[in-house]
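Per-chain numbering from 1; labels A, B and C assigned in written order.
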């Protein structure tokens, strides 16, 4: 079995070739070790960092941008988006605040990536 | 005494304003969401000299007269006019008779400041004109303006003098008793008692007339396509540049706009049917506009300068002239229709003539008011005033210091004022303030303009439109 | 009227401006940063996706995180930030600007000026696509503003024109929020954005990428209803008989970015290929004491490059203000074969050389050759959308002095 994957760990975008020889995988084309790991993962279970927005209550902005602390199973993304769209967080929000703990059952959290101040008179 | 003016374009607005000089209640009815959204906003914005029109026509009668009224009108209604003059260029000796014909027409029509020039003076008048051209007819009274502002300011003045402006409603017919209109019926169901109806419905003048059972010439629609160029293009052109006219019309021009850009066009294509909503541009139309511009001013067709392309429609009839007449069938119904080129220029003269000469024939007694105020309140534009004056304004209203439209230096205060003056849509703000008209075409600011409109009108952003019905901007919230 | 004085005036508080202000302040001068929004950060504030900071901070950050880091560092130095300010007029020789803000109109004089006004998106109107003029046609950045900052969805069903990064990012963003993205239309035979984005924005969501295709007509009464697309040939002319229609209420435009130079191009020289200010590797423009950095110099593909260039310009602007300018001998940089966008346009031999190159055409394999420096760098899978960066230490620049120029070629 053989496949080619474009690594997306960094913007270089190495073209990595993966060949299965018996029980082993032969991986070529990667410029760093992260690429090797990425290529293997893409075949078995592709994972992605999810970046999105969370509703903020009583904030100076209506939304706090957020991301998962690490990549999560790509297949879970749309389901998690549905969950994320239903929650709201009280202002103030700081970068790194945990908005959803252990979002994927493997310890990855959703954290805020933008600070949002508090505004009591906010109508958002 | 109550009068209804049908159509809030430049002609209808000026007519309504003219009527409001007299003691009567006047109602201006516009079917779209704002004043000046039909023919008025999509034309060449030129105040023609008046030499193009065959002597004896209504066009000829009202063009030069209207042109000379614009100085005072622009002072009263505070819109911009730039009297840059125009040139009709010709290539060789064989074209001179045509130029002379235009000159003679002009003299007969009362046009001032008209002369034929040779190559060296042509080059002084317009340095970047193509070397192919050796002669030109120069007209010093030609100018450019902002037609939608003429209509908007006119309607504002009309309203401040007690006139009523109805938008988003349409005149669908009327009740006629003994060959006179007594009541006008609107689409909303409202009925307005009327002693006088003036039909200035632009593209729809024939349709409105037919709703009252009145026969007028059949209307044909002509589409004109334009390309608007960046301010950088104005380094190549100073005057309104016309090619030699043909049977089709004045031709495709190069026109400096009143706020520093350049307009190329228009084409002139008759539409097969009555499709007034067809404002689409075409591939062929845009190519011909570009080529014609390049033919007159080499180098003007620079893709780096394209801001946008659009199309406008004009109502034409077989007579190729204005149709201004009190109806045979109904004594107090006046149609001011087929206002094609030079309609904008002629509009103030038409309004004056219709009110002073035709309205009295409709058994309407005109008694002048002594409290008509022809001048509207100045709406200061940050871009046009001195730094010291801006500083003063900001001290009183900090919103003058918050610039929303970077490309055209339009402040939040001006946008708020536009909404208070009647703008309900993003385009309504755009046409009143020039916000969103610049290089980025609203890419950086239209969300902010929409937000300000929503805040001022206490609406959700979902309910703010770009312009006409159905032109929604956002569908709903991302997070509820 | 208030008159302010500062050492270095920075116009524009995006990535370049913030890095510049920070660097200038660290060099030991007073810095005033003018920003037109109420907050600094520029487009970083709405770029909530990952991919920023790998080089500048050795960490992968989202746009807002990158912006907040720079902002926090700025707050600890002598940088005065004036938000909601607009430069109405500036004399670049006298280094005097007239500024409007809600707090008042004021004049500000400085010893050095940095222009970091970034870029704008190419608007729909300039593409001369024919048809109707309905609402629903917007640049990708405007859609991004609505979704990520204003909390509004500007679309239900969208087509994206242009496969540049911003279009790809928005294709994904809109899809995640429930919008049906029908496809991405690209007139070139290859995509315009980073490969990583093709994979993570399109392939992941099975959004079709239609290469060698363009939008030829838009239709709709009020709001957009339908788009006509056609295959195109090598000159981007539509191929007759290939047109078909897609139903959509939104056309997202990713048709390119334009450096915002128009307010200054009567004074400063603009590179005609980059379409941005001509600068040296110190960030200095064609006018002494006036510097430029960021997307108003050339369209960069990584914010890290923008911040790095802003950093250098900031230091040199500060040195200029201190009267300690270390300007060395300067030579022009010339473009050889297959070189498109190229920064800088001039090499000042007192500063390290950071070269940024975009290929004109994709090349599977090639070598960047700096002839006069006897330097070569091989690359593979080179595409115009991914800049090649080459850093040469200033000690190695000596040969340029006798050569009188630097030629950058790609073979």
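List of remarks:
In this text, a contact is a pair of C-beta atoms (placed from the backbone, for glycine too) under 8 Å apart; a residue touches a chain by one contact, two chains touch by 3 or more.
Since we're looking at a predicted model, the values are computed, not measured.
Two chain pairs are in question, A-C and A-B; the one with more C-beta pairs in contact is A-C.
Chain centres here are means of the Cα atoms, and by that rule the chain farthest away from chain B is A.
Once CA atoms are averaged chain by chain and compared with the all-protein CA average, the nearest chain turns out to be C. Distance between chain B and chain C, defined via averaged C-alpha coordinates, is recorded as 39 Å. Chain centres here are Cα averages; for chain A and chain C they lie 25 Å apart.
Centroids built from CA atoms put chain B at 54 Å from chain A. Multi-chain contact residues of chain C, defined as those touching 2 or more other chains: 147, 150-151, 177.
The residues of chain A that reach two or more other chains are 53, 55, 62-63, 85, listed in rising order.
Among the residues of chain B, those in touch with two or more other chains are 478-479. Only residues 45, 48-51, 54, 61-65, 68, 147-151, 176-177, 194-196, 198-200, 204, 301-302, 381, 386 of chain C touch chain A when the two sit together in their complex. Considering their complex, residues 53-55, 62-63, 85, 88 of chain A touch chain B.
If you check the complex, the residues on chain A that touch chain C are 6, 8, 10-11, 13, 15, 46, 48-49, 51-53, 55, 61-63, 65-67, 74, 77-78, 81, 85, 95, 113-115, 124. Within the complex, the chain C residues that touch chain B are 1, 36, 84, 86, 88-89, 98, 100-105, 120-121, 123-128, 130-136, 138-139, 141-142, 145-147, 150-156, 177, 216, 219, 221-223, 262. Contact residues on chain B toward chain C in their complex (touch as defined above): 227-228, 232, 277, 279-283, 285-286, 303, 306-310, 382, 387-388, 390-391, 394-395, 398-403, 406, 409, 411, 439-444, 446-447, 451, 461-462, 465-479.
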